Amino acid sequence: MGEQSPVLEMTGIRKVFPGVVALDGVDFRLFPGEVHALMGENGAGKSTLIKTLTGVYEIDGGEIKLGGEPVSISGPLAAQQAGISTVYQEVNLCTNLSVAENIFIGREPRKFGKIQWGKMRRRAAELLARLDLDLDVSAPLSSYSLAIQQMVAIARAIDVDARVLILDEPTSSLDTAEVAQLFRVMRRLKEDGVAILFVSHFLDQIYEISDRLTILRNGKLISEHRTEELSQVQLVEKMIGKELAALEDLEDKAQSNRERAAEAKPLLEAKGLGRTGAIAPYDLTIHEGEVVGLAGLLGSGRTELARLLFGADKADTGEVLVDGKRINLRDPQVAMKHRIAFSSENRRTEGIIGELSVRENIILALQATRGWTRPIPRKQQDEIVDKYIKALQIRPADPERPVRNLSGGNQQKVLLARWLITEPRLLIIDEPTRGIDVGAKAEIQRLVAELSDGGMAVLFVSAELEEVLRLSHKIAVLRDRRLVEELENTADVDADRIMQTIASGATS
Amino acid sequence: MTTLYKNRLFWPSLILVVMLAVNAFTSNQFIAFQDGHLFGTLIDILRGSAPLILVALGMTLVIATGGIDLSVGSVMAISGAVACLLISDLPNQNSLSGVFIAIGAAILISLAAGLWNGALVAVVGIQPIIATLILMVAGRGLAQLFTEGQIINVQSGPYSALASGFFLTLPIALLIAAAAVGLTVLLTRRTALGLLLESVGGSPTASRLAGIGARRITIMTYVVAGGFAGLAGLIASADIKSADSISAGNLIELDAILAVVIGGTALIGGRFSIIGTVLGAIIIQTLRVTVVAIDIPAEANLLFKSVVVVALCLSQSPDFREKVFGRFKRPAVQKVGAPA
Amino acid sequence: MTTTDMTPVTKDGGGPVLNKRRRVYKPNSRYIPILATLFLLIVMYSSGVANYRNFEDPSVIVNLFRDNAVLLVVAVGMTFVIITGGIDLSVGAVISLTTILTATLLKADWPPLVVLPAVLLLGALIGAGQGAVIHYFKVEPFIATLAGLFLARGAALTINDESVPIRDDMWREISDFRIVLADGVVTKPIAIVAVLTVVVAAAVLAWTRFGRNVYAIGGNADSALLMGLPVGRTKIAVYTLSGFCAALGGVLFSINSTSGWALQGNGMELDAIAACVIGGVLLTGGSGFVWGTVLGVLVTGLIRTIINFQGDLNAAWARIIIGVLLFVFIVMQRLVTRKAK
Amino acid sequence: GCSKDDGGTASGDDGQIVLGFSQVGAESGWRTANTESIKASAAAAGIKLQFSDAQGKQENQISDIRGFITQKVDVIAFSPVVTSGWDAVLKEAKDAGIPVILTDRAVDSTDTSLYESFIGSDFKVEGTKAGEWLVKEYEGKTGDVNIVELQGTTGSAPAIDRQTGFGDAIKANPNLKIVKSQTGDFKRADGKTVMETFLQSVPKIDVLYAHNDDMGLGAIEAIKAAGKKPGQDIKIITVDAVKDGMTALAAGEINFIVECSPLLGDQLMETVKAVKAGTPVEKRILTKEGTFTQEEAKAALPTRKY
């Protein structure tokens, strides 16, 4: 395929944001019929490169050639018309519209100018079936979880007749089955000669699907390789510029701490807690210093379970005890009073406050617990914020930058920092490593382990089973919005064992 | 220098300075010292803008949380009506304590009005524009009911001093407005209130999950807006020594919102600028005075006003500056597709 | 129970459906506010019939459409704007400008068939201008259209600050034309035009690509842009539409009163916004229906009718009662909607 | 008409006359007095009043009148918001067989058979009266007299007519000069702010002509604040003669007021009865009103009702 001419060629691309050089002379080529992975740490400039390509940002230098012709793409509409179909990193759909509309908007089937609703719904359902989704296509997209929304965005992108398909971290909120399904579709498109640009922080996925990869670091091009010619270790080294410490010790530590944790005082007990339509009543006990993992498929109710424990949604049955005493969890403020923290999976709408600065976003929860009359002195703010910017390697390390302008992964770190500084006794984190690069992911896992060592209880929700297995002392398995089993994370528990539980719906 | 030029308040300030210069040119006395206090067109403008500053101040806070308050004009009318009614019933209208009680009562009622708005918005969950529309319509009716549709005159020295008195050579009305501005700046910037307001305005859902009592904060902003509107109503009625429940504060909500927006606070909520709002309010008052000073015929007033507003909002738009004055650099290559 | 195979091996699409989840059915909650409004409207009407003489006369309902024809048309245009998350404060002033311009031109003996398209075009152009400023210069809709309000009303006052009667035959004939619906129930062409506008607008909003783009932009303009929708074009189009509707409203006004006046329609923008909001259109954008707005207009109109039939209220009480009725209505609507959800 | 006379009219069973009255709004104290007068007179005359308030909007007023037609009242009376644009709705009333009486403000319908009578003052005459007083006041003096004018709401009939009438009256005297003229919207607060600016931008003001008392009263505050004596340093002429204005006139702060009486309730009720009885009425009924100098005001004040 090297003989073929590239369908897309970007040379010397430069993009400057006030205060940041996001892209500095980046070259990038994409051939028909290949899956090309764009690799790099959080903030390396991957999404920015994509957005310069689709005309969201105007480039400050360099040239873009499409099919050999130099082009200037004025915006996403023009990009689409030029045959570039894109799934952007943060799911960019209109949640007020129905699923079907989100897939077809802009190219609805019409007759005499009138949209053919029936046909549109039928085709949407068919398309989703190809991704193994069975949704009510006329329901508003907002009634589905982020993961489903991600799948819908993918469905929209692959249905377009495109020569270039761009997928910016499409798998960050998908589980293994979904990913497999997506890859199947990608392979089919590839065979049809579509060039696919793929971004993901999951190295396994990169090695499974990509033919070639380009590595960025700090806005600069590092190198381009055929995927099979580069080992994982080498790849990581090139991405982060240094060697990555292994994480295996964490797993051992979790094993050894397991018994200690189980014997510790129960911190929080949920008894028959449930909410109709969201999650069936469940019992769950979390001890001090214990890491409880939640495993389950998309839509199995993990998020819903976690939200009830924070009072983000109100339970309609059951009760919650903290330190053996019943508490009335009517809203998050109550939970925070009992030092429970919750970081939502939906960072864009339920996490960050875009126009506020990094500093303000980080201190927000702490400030909320102190009440408005007792502001955190500026000096103390700066200290805390600096500390966490360093600890979590938030980039750019500028606390006054609006958080909206940070890359996705860095926004996630800001949220984590927000909760860590409140020094919670129970930290509920829903998909904390979503969209986070390998280096930072390791950091976060290490951090969770450390915190639990220090006595903090953690409820860890992640679509990545591996992560859950590595960190948890105990794993709660969900299926169909019901907690079906609680497993001690002993040495013999592995991904297969959990999958089996999910598959059989074991209640025994 | 370039940063000054880029500041979003630069152009509004410039327009203000130009208008003031015009006034300085047309007026007999722009600023002078007379009878032991400052005097002149400038002082008239500043004093005249006090009610609008107050109303716009409250409006800024409400808008910061993503709301809007249409009822401020009616609250002004109620507050003026209550105060004047109480004062006109006094055996001695010059009695300080009597006037203070009247003022206190008026402010209390205004705060209650704000609480009502806040409760409708934050507790019942009605869209702010319609929630406050209720009081906008009914509130003026209440004021008319209190005054039986008549203009209530008062002859109270202490009361009219609110608007036309001087203290330390400066108009008391201006001092009240300044104090309110100072207090608001202090409350929002020296405490964490400002941050929490901006957070609620930026994203109510995310704020709730960060443990912010969005409901209480929202209610508070409406209460404050009510209180400030009440104060503005007092000054406005003291200015004409009477309560005119029909025209007091009529359409002031539009001017207040305009002031807020000129000041650089977005109507969708979030970041707000109090100093910007004050600037916006003074610009609007100056505009009002300038129209008369340079003899714009009555029927062309609005046309003139629209030109200034258009100039203001365009000057503030970075996109306008870039597109019109900006560099026209574009790579000389073929365009793909239609421009979005 | 379906057996599910979870290992991430590839599997052909033909096999048993992998990973199929139970669907939790949620009733479509979008229509609830409208149904609530309709229900309350009926309650209100019935109480009018129970309390006032002649309220059951069908003319009450027929007149509702005719008296509020202008508001209907304007509110329909406003609905589009609000659904995109914008607002148009200039509509009242565009009405003023249209009526005074129509009257002045007709007085100057312009042929009516030239005047009609000319003023409609002018309204659309004013709207388009505002839309362009909003889109290209990122000026807030509120302030851009407020400037438009000043500009249009200023122009109207400058053209003529007195009211001008229209003596043109065509206008007079349309104005006098009676459409007999039943014995003693008469309506006028303006009501028909308003109803037609509503029907067309509802169809456009619900069934066309343009209509769906309007919703998408209101839901999330950034996303809409990234999805490749013509955001700029659509935004400008909705303001153009609103300007056009306002001009059409102005024409209807000039027909209804056979006159033009620079203060005609003063404050209509607020009535239109209120009607939209009462009808369940969200000011934050992305949600609402033309039919909702129609109900909103009917609610405000019915409140006025009730006050008129009550007949012994002074201005103060009339305002208070309007406020109270509005309050009761909004809170009830809110409660009904909340319950149903 | 098409009304079915089967007892379905709004009139009481006792044959009481029902009058539907549509008021412009409640924009001023004058208007409130007008409303009160009509209500009181209706009660005294035993007429059932269906009252509605158009809040200054023509569209409201048109629909109110249609409402009266639906209610099948006996007589309709209204103070039109504007002069033009009543033909259609008046024709509807006529078709329904309901007679219409105009109060306070006129309409410009060419077909005068659409209404029975117009009761009210002549704003132009009011302006003329004000101008004539001024001419007399400065009779024989040749020095320049600088006049500033506070106009009513831009475009409203009283504002236009009072301006024209006044201008016509002083036209013959070139030394009487209107140096500034600006709208004060008939409001006290606006009267004050506009006067403040007048005072700052006109070197010497001799006369203030305000289109109503309220603006004049506001201006008086501005004049006082500028350290001048209203009524002496600056002569003030206003229109209306509401109680507050009369008080100021009596106190010497205003020099001359042209009356514009809101008390036309009694005249209206008489006309209503006449119209209902089928007796012919005059097409134009002028309200009884005069002018007041400071002395006359002192005398009239104690018995003044509004």
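Letters A, B, C and D mark the chains in the order given here, with residues in each chain numbered from 1 onward.
Operating definition for what follows: a residue touches a chain if its C-beta (ideal position, glycine included) is under 8 Å from a C-beta of that chain, and two chains touch if they have at least 3 such contacts.
Protein identities per chain, from UniProt: A = Sugar ABC transporter ATP-binding protein; B = ABC transporter permease; C = Galactofuranose ABC transporter, permease protein YjfF.
Small disclaimer: the values here were computed from a predicted structure and weren't measured.
Undergrad: Please indicate which chain is farthest from chain A, where distance is taken between mean Cα coordinates of the chains.
TA: D
Undergrad: Tell me which has more C-beta contacts between its two chains, A-C or B-D.
TA: A-C
Undergrad: Using mean CA coordinates as chain centres, what's the chain A-chain C distance in Å?
TA: One centre to the other, that is 41 Å.
Undergrad: Can you compute the centre-to-centre distance for chain A and chain D, using the mean CA position of each chain? Integer Å is fine.
TA: Going by mean C-alpha positions, chain A sits 71 Å from chain D.
Undergrad: How many Å are there between the centre of chain B (ABC transporter permease) and the centre of chain D, using C-alpha atoms for each centre?
TA: Roughly 33 Å, centre to centre.
Undergrad: Go ahead and note the Å separation of the Cα centroids belonging to chain C and chain D.
TA: Using C-alpha averages as centres, the distance is 36 Å.
Undergrad: Among the residues of chain B (ABC transporter permease), which ones contact at least 2 other chains?
TA: 144, 148-149, 298-299, 301, 339-340
Undergrad: Considering chain D alone, which of its residues make contact with at least two other chains?
TA: 26, 32, 35, 154-155
Undergrad: At least two partner chains per residue is the criterion; list those residues in chain C.
TA: Residue numbers touching two or more other chains: 157, 161, 225, 230, 314-316, 318.
Undergrad: Among all the chains shown, which pairs meet the touch rule set out at the top?
TA: After working through each pair, the chains in contact turn out to be A-B, A-C, B-C, B-D, C-D.
Undergrad: With touch defined as at the start, can you tell me which chain A residues reach chain C in the complex?
TA: Those residues of chain A that touch chain C are 54, 56, 75-77, 79-81, 86, 88, 92-97, 101, 105-106, 108, 110, 113-115, 130, 132, 134-136, 138-140, 143, 156, 176-181, 183-184, 277, 297-299, 480-481, 496, 499-500, 502-503, 505.
Undergrad: Under the definition above, what is the set of chain B (ABC transporter permease) residues touching chain A in their complex?
TA: Against chain A, the touching part of chain B (ABC transporter permease) is residues 190-193, 195-196, 198-199, 202-203, 205-213, 217, 270-271, 330-331, 333-340.
Undergrad: Going by the contact rule set out above, which residues of chain D touch chain B (ABC transporter permease) in the complex?
TA: Against chain B (ABC transporter permease), chain D makes touches at 26-29, 32, 35-36, 151, 154-155, 180-183, 185, 187-189, 192-194, 196-198, 200-201, 203, 214, 217-218, 221, 225, 227, 244.
Undergrad: Flag every residue of chain C that touches chain A in the complex, lowest number first.
TA: Contacts found on chain C: 1, 3-11, 13, 17-26, 28, 30, 203, 207-209, 212-213, 215-216, 218-220, 222-230, 286-287.
Undergrad: Can you tell me which positions in chain B (ABC transporter permease) touch chain C when the two form their complex?
TA: Residues in contact with chain C: 70, 124-127, 129-131, 133-135, 137-142, 144-145, 148-149, 254, 257-258, 261-262, 266-267, 298-307, 309-310, 313-314, 316-320, 323, 339-340.
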